[in-house]
Structures are given as C-alpha cells and as structure tokens.
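Each of the two complexes below includes chain A, the first together with chain B, the second together with chain C.
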Partner chain A sequence: MKELDARGLSCPEPVVMIRKAMISKENAYQMVVDNVTAKENVTRYAQHQGYQVSVQEADGEYRLSITK
Partner chain B sequence: MPKTHEKTGIVLAGIAIGVIASLLVFFGNPVNMGFCIACFLRDISGALGLHTAPAVQYIRPEILGLVLGSFLLSVFRKEFMPRGGSSPLTRFVLGFFVMIGCLMFLGCPFRMILRLAGGDLNAVFGLLGFVCGILAGVFFLNKGYSLKRTYKLPTLEGAAFSAIQVALLVLLVAAPAFIYFSEAGAGPGALHAPILISLAAGLIVGALAQRTRLCMVGGIRDLVLFGEWKLLAGFIAILASALVCNLVLTGTGAGTFFTLGMEGQPVAHTDGLWNFLGMLLAGFGCVLLGGCPLRQLVLSGEGNTDSAITVLGLGIGAAFAHNFGLASSGTGPTANGKVAVVIGIVVVAVIAVANTVRTEKA
Partner chain C sequence: METEVKLTKLASCAGCGAKVGAGTLSCLLEGFQTHKDPRLVVGYDKSDDACVYVVNEETALIQTTDFFPPIVDDPFLYGQIAAANALSDVYAMGGEPRLALNIMCVTETMDTTTIQEILRGGYSKVFEAGAVIAGGHTIHGAEPIYGLAVSGFIDPQKVLTNSAARPGDVLILTKPLGVGILTTAAKADMVEAPVMDRIYQQMATLNKTARDIMVKYPVHSCTDVTGFSLLGHSFEMAQGSGCSIHLCADKVPYHKEAYELAEMGFIPAGAYRNREFAQAGVYAAETLSRALQDIFYDPQTSGGLLIALPQNSAQELLKELQDRIPSAAIIGYATEKQDYPIYLESDS
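Take a look at the complex of A and B:
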C-alpha cells in the first residue's frame, strides 16, 4: 500500500499526485487531503480508474482509502 | 455527491449563471459584461483612486457579492477554512500579469464566454489563446509544478477579505467624496445595474460557484489532464444559456444583446493576435494559480488568503494597466500593452520553470 500526503496542496495537484502514483498500478493507496475539493476530485478520479474509495474525516482532514 | 448529480448540479448552476449575466446587462451593465471579474476589479481600483481613468471607476457590487456569497455558504456548509502560505508573493505577481493579459483582451475568461454568447467573434481568438495558455500550464503541472503547501491560519485572517468587501459596500452606499464614480456617459464604469440587483446577482453566483467549484480555466485543464468533463460542462452551460437569453431578450425588442461579427463589438477590439496573446497569458497564469479570477474570488471567500493576495495582485495589475497605458480600448491595443504582455508571458514562464525544477530536485 502506497501512502500519499496531499495536505495543503490545492487542486489539481492532489489529483496529479494520485495519477502519478497509479502508474505503478497498486491495489491500494492511502491518501490524506485537507480540503473538500481535493477529497471530491481525488475520489472522482480514482473511481474513474476503477478504484473504490472510502473516506474518514477527522480534524478537518480526510483520509481516503483507495482500493481495487 | 454522486458523479451524475455533480454534473447535473454544475450544468444547472451554469444555466442560472448565464441567465443572471444576461439579465445584468438588461438591468444596466455594459453589453456582454454581465460579469467580468477583470473589468469589475479594474473599476474598483479606479473607484479607490488607484488609477484615474474616468471611464472605468465604480465599486462593482457583483464582486463584493461573489466573495460574500461564497463566504456565507462556506460557513453554512462548514467548508470555511482559513489557510494560506503557498508562495503568496508569487501568486500576487501571477495575479498582476493575469490582469495585464485580461486587459489586453478586454475581459476575464468569464467575460470571454459572455462575449461569445453576445456574438463577438473576436473572443474566438481569445479562446484559442486561452486554450494554448492552459496547455502550457498543464505541461508544467505534469512535470511537477507546485507553489507548495498551504497552512491553517486564524479565523480572523481567513475572514478579513470578506470583511473588506463589507467595507467596500459601505463606501459604495455612502459614496464619500474620495471615492470616484464614472460620470454618466463617461464609459463602461457609468453603466451598471442597480446596487441591490448587482449585489444579489453576485451573492447567488458566488454561492453557486462555491457549491459547484465552477472555474473557467479548470474546465479545459481537467479535460486535458484527466479526461474529466465536470467543470467544462459548467463552462458550456453558461455559454449556451447566456446565448439563448441574449437572443430571447433581443427578440423581445428589449435592446441589442446579440450582434454576430467582429467589428463594432462593445468594449472590444479586433486585433486577433493580441486578443490571442492576452488570453494566452491569462490562461497560462490562471493554471499556475489553480483557478480563474472568478475561482480566486470564491476561494478568498472560503478563507483562502493566497487567493485573496491573488485578487489584490489582479487589482494592482489593473491600476498599473491604466496608469501606464497598458490596457486596450475599443480602438485596439497600445504599444505599452504589447510590451507588458510579452514581459508577462516571460515572467509567468520563469515562475513555471522555477517552481517545477525545484520540485523535481526535491
């Protein structure tokens, strides 16, 4: 499982980050973002790529579990 | 929000925004200028005396409404998040040159759509330049371009920009002698809808843009980067609805809201090359900023102080543009403006390279 920290990055950088990470075609990624737009955009992109996404929110941060 | 709902939401928002933009012209705004973030920030700079072009001085309530609409909805939805610190001075410079590009073309990306919807074919050259600028920006994004991370800030810091909008609203209504307003017949600054209508339009569009993340530059950028259509759907919806609304208003005899052609278009010139290069600069700069001028206003309402600094850069860019004769007029671009746009493209390219190389080394 690859872990990615996109906190503080504004869109589209978090999506560029997950797209680059997905080149290695792993089955699972963990990504943490800290704004709703990044959460929505990363979720949408991962779903387009055939992944499932579950989100846990804590203290204004979103932990995205992205799995095949 | 599920994907299909997201797309339906942004299309509906785009349709509403197109109609509102068209109606603002009906109520008194300049033709093809229901909204223009660049023009309206330029008018505010003039009203505050930062430049003294008598034709373009007015505190535009639409701008205040956009920020406050986003602020209010983001607070309500618990999305208000004070943050900043992602290369603020670089963003100021980018904002400055985005404005120089917009005032070469005579409009921000939002007005570019509205000019197309009004039949102004000069905007086609602007659109082509805009797409090329976005492609340049996307090239650097793919190479790892970043202005680095933002950090959490105190609530007051995040709310300060919205408070400034309230102060501007007070100045607009009180109209003290030190605030400049274009006199009737002086130019576009004298043409405006009633304050309450303009303010309401700004509040509604600000809230809709906050909710849907609408962004004129994001549409083409996301399509190229990720094959994602969501934001572009909003862009197209605004174009379609403003076009239909302009045709209907013209058909009912309420005035001329649609004239197909290049010559004699309102607040526009026919120099295709510089319309192209102006919007190339704007598109390039906006991708590096992460969003168009409208999006910067909406983000600043959500508490993003980097976007607030960007808006200040846009406003100061407008003041420079008019103080140094950089802004185009209906007769065409100026020699100074052409030099400024070339310098702008070079500066924006240097910013792109510098922030990409550094990332790859890191």
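Take a look at the complex of A and C:
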C-alpha cells in the first residue's frame, strides 16, 4: 500500500502524482486531497486505469482508497 | 541576468477556468444599492456578456472587461489570447470594438521582454479588430494578469443579448470545445505540441469574422461560450429567453483529444463549478458518457459564438460561416419552455 499526500495541490498536480505513483503498478494506494476537483479527477484517473475508488470525507479533506 | 520563468508556472489556475462561478457572483451582488438608468438596457442583472448603454437613437455603447493569468508560456500568444477573449464580449453583443484599455499585473520575476511581448500580443489583436488601445493600468502582484477593458458601439436596435432566443430557433456554435481540459492536461505535459498549437491558435482567433457574418442574418440571440462552458452559457440563454434549449450532443464540435483526457481526470476546477451551477437545469440522456458531459461543462477561454436564429435562415448562415470557419456547426434548437431549461440529447 502506497500513501500519497496531495493536500495543497491544485489541478492537474494530484492526477500527475497518482499517475507517477501508478507506474509501479501496486494493488492499493491511499491518497489524501483537500478539494473536490482533486477528489473527482484522481477518482477518474484511477478508474480509467482499472482501479476501484472509495472516498471518505472528513474536515474538508478526502481520503481515497484506490484498489485493484 | 534573470532566470527564465515559465509563465504558466506563475499562474495558479488556467484562463477562464479562473473565473468565479456564476452562482457565487449573483449572490455577492445581491442587495447592493444601484441607480436605475433606463439607458442601461443590458446591465449586470442580465448575466450578459457586456453592458449596453444607449447614447442616442443611432448609437449604444457596449462595455466589457476580461483578464486572466497566463494559460500559455509564450508571452506573445498569451497577450493575443487574452485580448481576443476580452474583445469577444463586444462581438457577442453584435457590436464592433473601438477602444480598449490594458489591464495588467506583472511579477518581480518577469523581465521587460516578456512584459513587452504580452503587450505586443494584445496590441496585435486589437489592431486586427480595428480598435485602438488608448491606455491602461499595470500593477505589481504575485501572479501575472493580462486583459482588456473594451468599449464598442452598436445600433441600439441591433443589440444581440443572450436572452432573446425564441422557440423554433436553431443554435450554431462557431468554435470547438475542450480548450479548458486540454490546457489543464498541457500543464501536466499530456498533450502533443502540435495539438496545443492548434488550441492556442483557436483561442487567439477573434470572433470578428463570425460576428461580421452573423449580423447579416436575422439573429435573435447570441453569447460567447467562455468560462461558464457550453452548458452554463446555454443555461443562461434558456433562462433569460424563457425557453428550453435542446443540444444534440453528437453534433457539438469538440477537440477529440479532450475526450480521453477528460476520462483520465484532466478536468479544470471551473468545469466542476459549472456543473454545480447548471446541472439541476440540465436533463442529460442516460447514454451520454461522463467524459462528453465534462467537455460540455468545460470552461472555454476565448470560445466561439453561440448564435440563435430562425430555422429558415440557419442553413444559409451556417454555410457562409463554414466557408470562413470550418468548425461552425448547428448544435441544437430552442423550444417553448419545458420542465428543464436544457436537454442534452444523443442519437446514439
């Protein structure tokens, strides 16, 4: 499980971060973002790469569990 | 010697994607005291492209302003795009720009050549428009900004608002969509240079040709598709006109490269703001992919004109437009007001 922190980053940086991380093709990633655009865009990217995504929201932050 | 700084790295968001949402704006302005002037025939309360003030029977003044942070690293191109975008609001009202003022913010790291190139880009487009830059104002700040305040003139009887479409009208769009998605993806080096060159040239293209052709036809309503996206601007047109607008998703021109990039999540924040603003008023066919909808919510920088006119003149206008602007297409039609302001339809 790889953990990624994209808080403070705006589009397209969180997608670039997950894209780079996915080069290693792990089965699971955890990513935390702090805006809706990043949450939606990272979700789209992960789904496009064949992953499933579940999102937990707390205190304006989104924790994305990305799994094969 | 100053180190070369990439212009877009100085910007926190891209082009018209930097625009504050339409819903947010109308809330901010609520309850302010304003004079009622009957000569102001189009004002901020109409959510239109520009304001229109009737000077006398033959002349109305059109005023507008638009500016944004760099969306391209080439300063000349940035100046051209920002100017074309600012001038567009006058064209969207059916008018002709006459005077412009520079609005500029420069950072400490920008060298004089870069600043001069931005201005040269702006001047080149204002010259092409047949208008004059009469001055302006420049400040120092954290992020570069460039744009114009533009004044133009029009016969008061010929003002084209965004709220005068009528049932039976056909809708024409003159530039393909996807510009916001592509510029976002370009920031992540996801787009080939020739594709971006095409996009930048499109953004730098004035809506002058489209306007000059359009005014020869009995057009009812017009707006330019910019920061609020095709759906946001169509929504405003439908609401303002008291009708419903049906968009044929398969006929809307867009840059094909934007589709997969939307699927991959290279979507600007402005697209999500646009969706939030308009989606309650949009009935979308179930077969429509999310990526295609993202393209229709995508904020456009210096986008094309959205023109509403009677069906019996539409083919003729389209043909004349296509001779000069091959991307122009009929994308939908207006009906009497139905349950939703916007119907997004698909043949497939």
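The definition used in the following text is that the second predicted complex is superposed on the first by the 68 of 68 C-alpha atoms of A that agree within 3 Å, B and C clash if a C-alpha of one lies under 4 Å from a C-alpha of the other, contacts with A are read in each partner's own complex, and residues count from 1 in each chain.
Assume a residue touches a chain if its C-beta (ideal position, glycine included) is under 8 Å from a C-beta of that chain, and two chains touch if they have at least 3 such contacts.
A quick note: this is a predicted structure, and the numbers were derived from the prediction, not measured.
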item: Partners on chain A (chain B, chain C) - clash or fit; value: clash
item: Contacts of A:V42 with chain B and chain C, given as first, second, both or neither; value: second
item: Partner chain(s) touched by A:V16 [first = chain B, second = chain C, both, neither]; value: both
item: Chain B versus chain C as contact partner of A:G60, first or second or both or neither; value: first
item: First (chain B), second (chain C), both or neither touched by A:G8; value: first
item: Where chain B runs into chain C (options 78-86, 150-158 or 222-230); value: 222-230
item: Those residues of chain A which chain B touches in one complex and chain C touches in the other; value: 10-13, 15-16, 19, 35-37, 40, 44-45, 48
item: Chain B partner contacts - residues on chain A that touch it in the complex; value: 7-13, 15-16, 19, 34-37, 40, 44-45, 47-48, 60
item: Chain C - residues contacting chain A, complex; value: 12-13, 184-185, 187-188, 190, 262-269, 272, 290
item: Chain B residues touching chain A - in the complex, by the definition given at the top; value: 1, 3, 6, 79, 81, 83, 86, 141-142, 146-152, 213, 218, 221-222, 225-228, 230, 290, 306
item: Of chain A, residues touching chain C in the complex; value: 10-13, 15-16, 19, 35-37, 40-45, 48
